[in-house]
Each structure stands twice: as structure tokens, then as C-alpha cells.
Amino acid sequence: MDDRFPLAGGSSAGKIKPVAVGPVVFGGPDVPVIAGPCSVETEEILLQTARAAREAGASLLRGGAFKPRSSPHTFRGLGEEGLKLLALAREETGLPVVTEVLSPRDVELVARYADMLQIGSRNMQNFPLLQEAGRSGKPVLLKRGFANTIEEWIWAAEYVLAEGGQVVLCERGIRTFERATRNTLDLSAIPVIHSWTHLPVCVDPSHGVGHSPWIPAMARAAVAAGADGLMLEVHPQPEKAWSDGRQSLDLESFRRLMASLPPVAEAIGRRMAVAALVPPGSSGQ
Amino acid sequence: MDDRFPLAGGSSAGKIKPVAVGPVVFGGPDVPVIAGPCSVETEEILLQTARAAREAGASLLRGGAFKPRSSPHTFRGLGEEGLKLLALAREETGLPVVTEVLSPRDVELVARYADMLQIGSRNMQNFPLLQEAGRSGKPVLLKRGFANTIEEWIWAAEYVLAEGGQVVLCERGIRTFERATRNTLDLSAIPVIHSWTHLPVCVDPSHGVGHSPWIPAMARAAVAAGADGLMLEVHPQPEKAWSDGRQSLDLESFRRLMASLPPVAEAIGRRMAVAALVPPGSSGQ
Amino acid sequence: MDDRFPLAGGSSAGKIKPVAVGPVVFGGPDVPVIAGPCSVETEEILLQTARAAREAGASLLRGGAFKPRSSPHTFRGLGEEGLKLLALAREETGLPVVTEVLSPRDVELVARYADMLQIGSRNMQNFPLLQEAGRSGKPVLLKRGFANTIEEWIWAAEYVLAEGGQVVLCERGIRTFERATRNTLDLSAIPVIHSWTHLPVCVDPSHGVGHSPWIPAMARAAVAAGADGLMLEVHPQPEKAWSDGRQSLDLESFRRLMASLPPVAEAIGRRMAVAALVPPGSSGQ
Amino acid sequence: MDDRFPLAGGSSAGKIKPVAVGPVVFGGPDVPVIAGPCSVETEEILLQTARAAREAGASLLRGGAFKPRSSPHTFRGLGEEGLKLLALAREETGLPVVTEVLSPRDVELVARYADMLQIGSRNMQNFPLLQEAGRSGKPVLLKRGFANTIEEWIWAAEYVLAEGGQVVLCERGIRTFERATRNTLDLSAIPVIHSWTHLPVCVDPSHGVGHSPWIPAMARAAVAAGADGLMLEVHPQPEKAWSDGRQSLDLESFRRLMASLPPVAEAIGRRMAVAALVPPGSSGQ
């Protein structure tokens, strides 16, 4: 029992309540992988990545159409055009789509195309956005704020839950003094979340370490720590990506990483999910 | 010259461009003080505080009508009712009003009542909000994100400037490992901002240290470091405040602090602003 | 090649050079576990813990005789009496002994009893101590400073290596803003160390998370991330421990954790070490 | 009353007990300045700096003979030769000398030459060193550990006090995520220390911000916040300094800064100390 969190904790703390995104389940015995490029760039790159991700065993497709960027003078995403490309990639591959929404005003638009709404690290305490996403009818992937405590993160989830929404948390590294890695991936958040709440929790090692050669070790560590999912940035040519290339796995590295995960999951009594595809022609609803 | 910041820096870095809020000027020789309660609570408390603030020499009134709160299960402000009380207090005292806006959708509403829009620490990288505030016609008080670098803070200001808005920055403490104080007030941000940009920068020692007995020393230090303004939480009965009472000065402590500031300002060749009041009956435009 | 580190990196970066402590090897295919109480308390408790640790599969015994304590007004260890008890426990169980040394003046004394010298987190940049330990003839377990970068940590190892010593690193969590856990265990240090240096690196999840129910998940994650060893605090009655009881595993929890590790190690192509005992009567050399 | 700290706090918390270093007093109405180069380099540079420091109003001379350096492959100070040069500079200028000691074994040596022993940031929790310094008969300037809480810092002072020593604390910036400045200077430590203890507290803005143009603003802020002293790095040719040149003031900048301080001190009812010189020929004992 954790009474601090009436909706995420309370008497249901300690037992994970699964969250379904189409045919994919977070928080059950199987561990799904979300993969895709940082940003949606072109149709060709997105489809190539989505097909390779599916073949390697990913269960969901990620890709940013609305990109939060520190400076206004950089590429900020294709907007609705990017959402259409994501829907096309779902049509082609059967993978449900996760994509970020930045503003309460865009929730309806993004929810029309996506199967799961991502709320990014900078918006973890954007309370009107949390509420609007909670009312959208789509499950929410709530990334941890890069400088928020686990307690604040769960409270942010309470905003979504209070509107009737469903939440999967996603640890993506916190800001510390260390500079070797982009952030410090806090895997201890996994057992903490599992003991305080009933929420599934994923891990994004790409943002966590920010340097592709170090990502596989952390992905395996996340599974061993009990993560209910992984989120990985994959790009056919990371050195040419429009954003975050340094932390994207190329297709071959991604395949090798995916092949290494099943024995780790089995070592702790779980399995890596086998992609359960959205049938072509379905609406993503 | 600081070319990283095309609008806030460039060839105008190092010379402060003043920003006017009605009759009050940030970034000129005079140093204005923004004072008021954390939240707008009742008409009586707000008016009592506003009158005392004006008498002690404050130039602007602050007070939250929309409160960002970590947990959804706590008081989140009076909303438009609070804005009306702020407008009433301006009418009574002549002090221009600064208040926070949390959502792009509320910008128009808040701008109708306020003389300056505050964007709070949790929203420093809420880019749609920055843009909407930049288009509002009202100057923006942009608080530093509690875990954002100075560089990211200036980029956030660029979002407002790019829409034609005006920005006054406000340092309010950053999140560190230290637990004696609520945050660690980073006064070195003042000389950094002054050398990299043309933006005025204020300091909010109330959130910075979070414990009222330590606030006066930090307010004086901020002025000595060259701050272009101060923001202080004041409440007639801090122990009964609906939020942040521990860090609110009572009226007598506020008066004593205000009386101690002029010699500090003069020691570095500046003056504390004498309240230049909005004439009763003016619209706040 | 990592030229920043002439002794730990350079052309040997990326290939682990094993370090032997008696019959135990760090950095080979097998992963040894160091276990024992935070402080050496009584002969009875130490022997009980040492026997249980050996039976569960631990390869080395830990226990503090000289304890660094933030306040001078708390228990600071049994000193040489504690060292004698550790030597006795080695005699009884065959487990080599690791224990902390706090001062250059004590290096010779501690080296007389211990098989491996631990340099603790607070002393990571105590350069005279690093040098003296490097000259002792005993391998050094060098814990990461709680607020030191990975780069500084490797430089500290260079101080030991420059005196002809051997180093095994030990990640034990860094100080961040998070308060749910005692520290933030930075498992990403493992792949970083492995790519920049030839040094073996262990993980101490007990100090990392500071709360016993969360330790097993992090121990498994450390092994999956490629750790070359684990260090765990174990105590027959954690609630009665003289220090750090909250983060000590009881004997049964330790056994269950140890039983869960082999499949994780095998999932990444390694094995948990089987205790290779120091023959009774040997000198600790 | 602050009972956590039996020697530094208790019933004497809130009233500063002055500490004398020869004729210089920390914690009285006058605020002394410690100035000098980061490292002792050559006799010529040291004497030139010491004379300029005295003329500008400094009360004590600093300079490192034993330098703690992250990497063993960099300049680590002149050792006893540097101590002799410091004694010579005292002879020439009458300024008492403050210098760092790194190891318990060097305390006697350093105390033979210096008027005040500095314990540096990396050694704040080097407990054997604190104890040895406490027994030396010389007052100790105890710098804050770069990642230590104020509470831990006061406990470190308790180690010195418990041996009969006297302590002046020195804030020098803490390690945070911010990268514009070398550290984040935590001036709020001043009112906290003053309310919890009877210890004088100085500020070192040179290490705090790490970039000379930003130091004067922070020095003035420190005085306004109630600092009982300042420590400043000064070098005739900062760009040629053997260490920390980027944060050293040149002689002219130092003079201008010193000239700006008296009105700030007077604004809060104090005075900048006028150098009270050690008579030529005295031993520094």
C-alpha cells in the first residue's frame, strides 16, 4: 500500500495492471519493444526502418512528428505530414504507433493517427497536457522528466489517471553532473515504481546513454531489472539522421541487440514479446 | 557577441535592453520589486498584502490564479476568479500585476487581466506556451527551469522573442543534492546572462531558499550581484497560507528587508525603484 | 584507444585485463561476488555471515574495520580488532578478505590482514592514499566517488597504477536530486569503463539503492550490463546492524538473490564464479 | 539551538565566534580578503602578486604548494620549496599565509610554515586529515566538498573542533548540471551556516564561477549575503598561470574589485578589513 498515490498506488501498489495498446500488452509476462527513428523524416526512411524493426521483433513503431527542441532555430518535425507517414507505416507493417504530443491543442489531432500518445520529458509536469491526454481515450506513454523525482513522476501519472486515462511510464535518464553519457539512466526506478504503484514501466536507453555502442548493455540491464518494455531509437543511417543520430542504432546493431534479449528475459522468468500485429486496414483506434 | 542566441545575444549581448511593464522598467538604473502572495486566496488577504507591498516600496504585485502543483490532489488556484481579484488589487493600489499562465489556451484570458505574463519553472520548455505568450502583446517573466542550464533558458527566451515578445528572465533556484534549502539559488546566472544577452534578469529568493529567515540575505546578495529586479513572496500570515507559507515573508519582515535594500543598490551604482503607479481606472494595457 | 588515460586506457582500452585476488579473478569469464556486513561487529555475527555467504556462493568476504562516518559522533569501526576478526573469518571459511583503508598511515596495517584494499567513495580523490595503496602489493578495489565523473574515477585509478598497483573499479551510485533511493546507481558506467579502459568494474547495489527490497533487481541488472563482480551487504539481522541496516540483505534474501544470478550471467555468455577458496592456514597473500 | 552539531551548533548557534589568524580576524565586523595565485610557481611571481594583493587591501596570502590534481600526469605543486617561498612572501609583505595540506603526514610540515591550514574540497571528508589538522594548533580553513551538503560540511568541522581546533568554513561552489560556470556558487550556505552554527564562513568565487569576468559580481554578492571573508585567485599573468588561469583575476581587475567592495560591506553594516600585517621577522607561529 502506498497512500501517497490514490490512483497509481494505494492497495493496488505492488501488482502490475497491464495496459494494452492494440494487440500489444505492457505489464504482462511478455516484454514489448518500441523502435523507430527519433524524427519522422521521409516516407522511404520510415518504411525501411519500420519493416526492419518488425522483422527484428519490435512490437510498436515510434517516430516524432512534433519535436520539442531546446532552440527555436532547429528542425521541429513534420507535424501532421509526419503523422500521416506514421499511419502509412502502420498500414504497411501492422505495428501500432507511438508518437509525441506537445500541446493540449494537438491532442485530438495526434490521437486521430496514433495508437499511444507519448508525453515527453520536458512536458512531464505540463498539467493541462496530461489532463487532455488522459481524456483522449488513448493510452499514454509518460516519460520521466529529466530532473523529476520518481514521486513527482507518479503524481504526473495521477493527472492522467484522474481523467480516466491509462499510463505506461518510461524511464529515459536523469540530468546529473556526469558528462560521459547524455543522461544517467536510473534503472533503480523500475523496482521503486513496481513497489509503489501498479503501473508498467519501460526504459529508453537511447536517450539514457546517448551513445549507440553503450545502448545494448543498458537494454539488457533494463530487462534484467524487470522493465515492462523497451524504447529504442533505430535509423538506417544514424550518421545522416536529422536529430539524435549519435544515439540511434543502425539496423544491424538493432538486430543483434534484439537477438540477445530473449535469454535475459527468460533468466528472470519473462519473455520478449513476439510482435502481435495490427491487421492491415485497421484504423489504429 | 554571442552568436548562439540570434535574438537575445548576437551583437547586442552585454548591453541590457530595458523592458517596460506599464510605468515599471526592468533593466534600467532602477531595480523594481515584485511582491505578493504565492496564491491568490481571498480578496481581503490579497488587498491587505498589496497595500502593504506598495507602502514598503514594491513596484508590482504578484499572485497565482493558476497554480501548477505536482499532485492533482492539492489546491490549484482560483482561476479566472483569482485574475479578477488581481485586477481589483491593481485598481486599489496602482500596482501592475504579474501572474502565471499554464496553458496556451489560457494566454488570451490571462493577458486580459495581467500586465505581465509569468511562465513558471516547470513550463520553461513548454514551447507552444512560450510562443503563444510571445504573441500576446504582454511582456513575459520567464522563470528558469529548475533543472535547466542557462543556455537552455536563453533558448527558451528566443522562442518568445521570435514571436515579437519581450522577456525578463527570473532566476529561482535549481535542483541539486542540497536539502537545507528548497533549491540552490544560482546568483552566478546574473553575470552570465548579462554577458551573453541583452535581457534583464530578476531573482526570486523565496523559491530559491524556501525558508523565510534566509531570504533577506539572498535578496541583498541578488541586488549586489546586479539583478534587475526581485520577486518576493509576502503574506500577512505565512503560517496560514494555502501554499508555500514556509517561504513567505510576513509584512513586517518584508518592510525591514525593503528598508535594507537601497544602500546595497547604491553600493553598485543603482537605485531601488520607487513605485511608479498605474493610475486608478487604467486597464492594465 | 583512449589516450586520456595512459595506464588504464591507451591501446589496451576495450580489452579487460583480469585482476586476481588470491584464487578469485575479476575481469575473466566468471563473475565473483563480495559479500559481508557493512561493519565488522562481533566475532559471532561475522563468522555466521561469512559462512552463509560462502554457502550461498560468495567468493570474497567484506566488512569494515575502519568506517568513514560523516559525523564524528557515531561508531567508527573496531580498528585493528576488526581486522583480526576478518582474518579469523578467512581462516574459517577460506574466503579472501576485502576491507577499507582510510589513511595512508594505515595502509601497511590493513595490508597485513586483507587480501584486497578498498578505497571508499569519500576517498576516491585522496591522492596520497591512492599512491600508498598502489605501493602496498595488494590489489585495490576503488569505489567511485559519489559525485565524481567516470573520467575522474579513471584518473584516480591512474594514481594507483602509476605506483605499480592493480585496480578493480566499483560503481556504488552517485549523488543526484532523487530521494527515493540513497544514491542513483549508474550502471551505464559499466559499458563506458569497458570501452575506455582495460579495468574490471564491479557494482555495489547495496549503497546504490540503499533499500534492501530493491537490491536484487539491481544486482541482476548489473550482471546483465556486464559487471565483472558484485559487492553486497549481508547481515543476519539487518534491523540490528550497527550501520546501514536498511540496505543489508538478510541471509535468506541473499541466498535467493544468489540463486537467481546464474541464468542472468549465462544469458550474456558469462558464469557466476564458484567460490575458489583460500586454503585454511594461508596468509592472505 | 541546533542540536545536530554539539560543537559547532548547540546553544551557540546563531552567534558567530570569531577566529583569529595572527592579526586577522574572521567573524568580527571586518571582512578580510585572502588573495594569491592558485599555485606557488616562482619567487618572482609570488612576491609580485603578494605585494599587489597587500596594496589592494588583501589581509592574507594564499598559494598552493601541494596541489590536488585529478590526473597524476599534471603539475602537483612545488612541495616544501613552495612553502619556503610562501614564508618568504610573508616576511616581505607581512601577510599571514594560508595553504593547503593534502595528507595527515604533511600536517606538521605545512603547519611549520603556514598561519592557517587549508583543507580542500576533495578532502572535506578525509577524516584522518581533519583530525590531524585539528591537533596542529593552527586554524583550519575548511572548504566545502564540491558535492557535500551543508550538514555534512558542518559535521566535517566537528571533526576538527573535537580535536581542539578552530574552523573557518569556505564555500567554493558545488557540482551541478550547469556548465556555463565551473561550479554553482551556493551563497545561500552563508545564512544557513550562520543560523545553524557559530562558525565564520568565507566565499571563494574564483572556483565558484571559474571564469574571471564573472567573479567581481559574485564577490560583491558574497559580501552582501554576509560572508565573513573572501578568497580570490590573483595572478600577474593569468593566461600563463600553471593552473586555473581562466579563473584568476589579473592585478588591475583585482584592484578594481577591491575598490568596489567597501560600500557593499557598509550597506550591511560591516567594513572590509584593512590589512593588519604580521611584523617582518615574525615566525608565522
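Going in written order, the chains are labelled A, B, C and D, and every chain counts its residues from 1.
Please note the rule applied: a residue touches a chain if its C-beta (ideal position, glycine included) is under 8 Å from a C-beta of that chain, and two chains touch if they have at least 3 such contacts.
Bear in mind the structure is a predicted one, so any value in this text is a computation, not a measurement.
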Pair of chains joined by more contacts [C-beta pairs], B-C or C-D: C-D
Length of the line joining the C-alpha centres of chain C and chain D, rounded to whole Å: 36
Distance from chain C to chain B - Cα centre to Cα centre, in angstrom: 49
Shared-contact residues (touching 2 or more other chains) in chain A: 147, 175-177
Topology of the chain contact graph, where touching chains are joined (line, ring, star, complete, other): complete
Chain D-touching residues of chain A, taken from the complex the two chains share: 147, 175-177
Touching residues on chain B, where the partner in the complex is chain D: 147, 149-151, 174, 176-181, 184-192, 195, 208-209, 213-214, 217-218, 220-226, 260, 263-264, 266-268
For the chain D and chain C complex, residues of the former touching the latter: 6, 68-73, 102-106, 122-123, 125-129, 145-147, 152, 155-156, 158-159, 162, 175
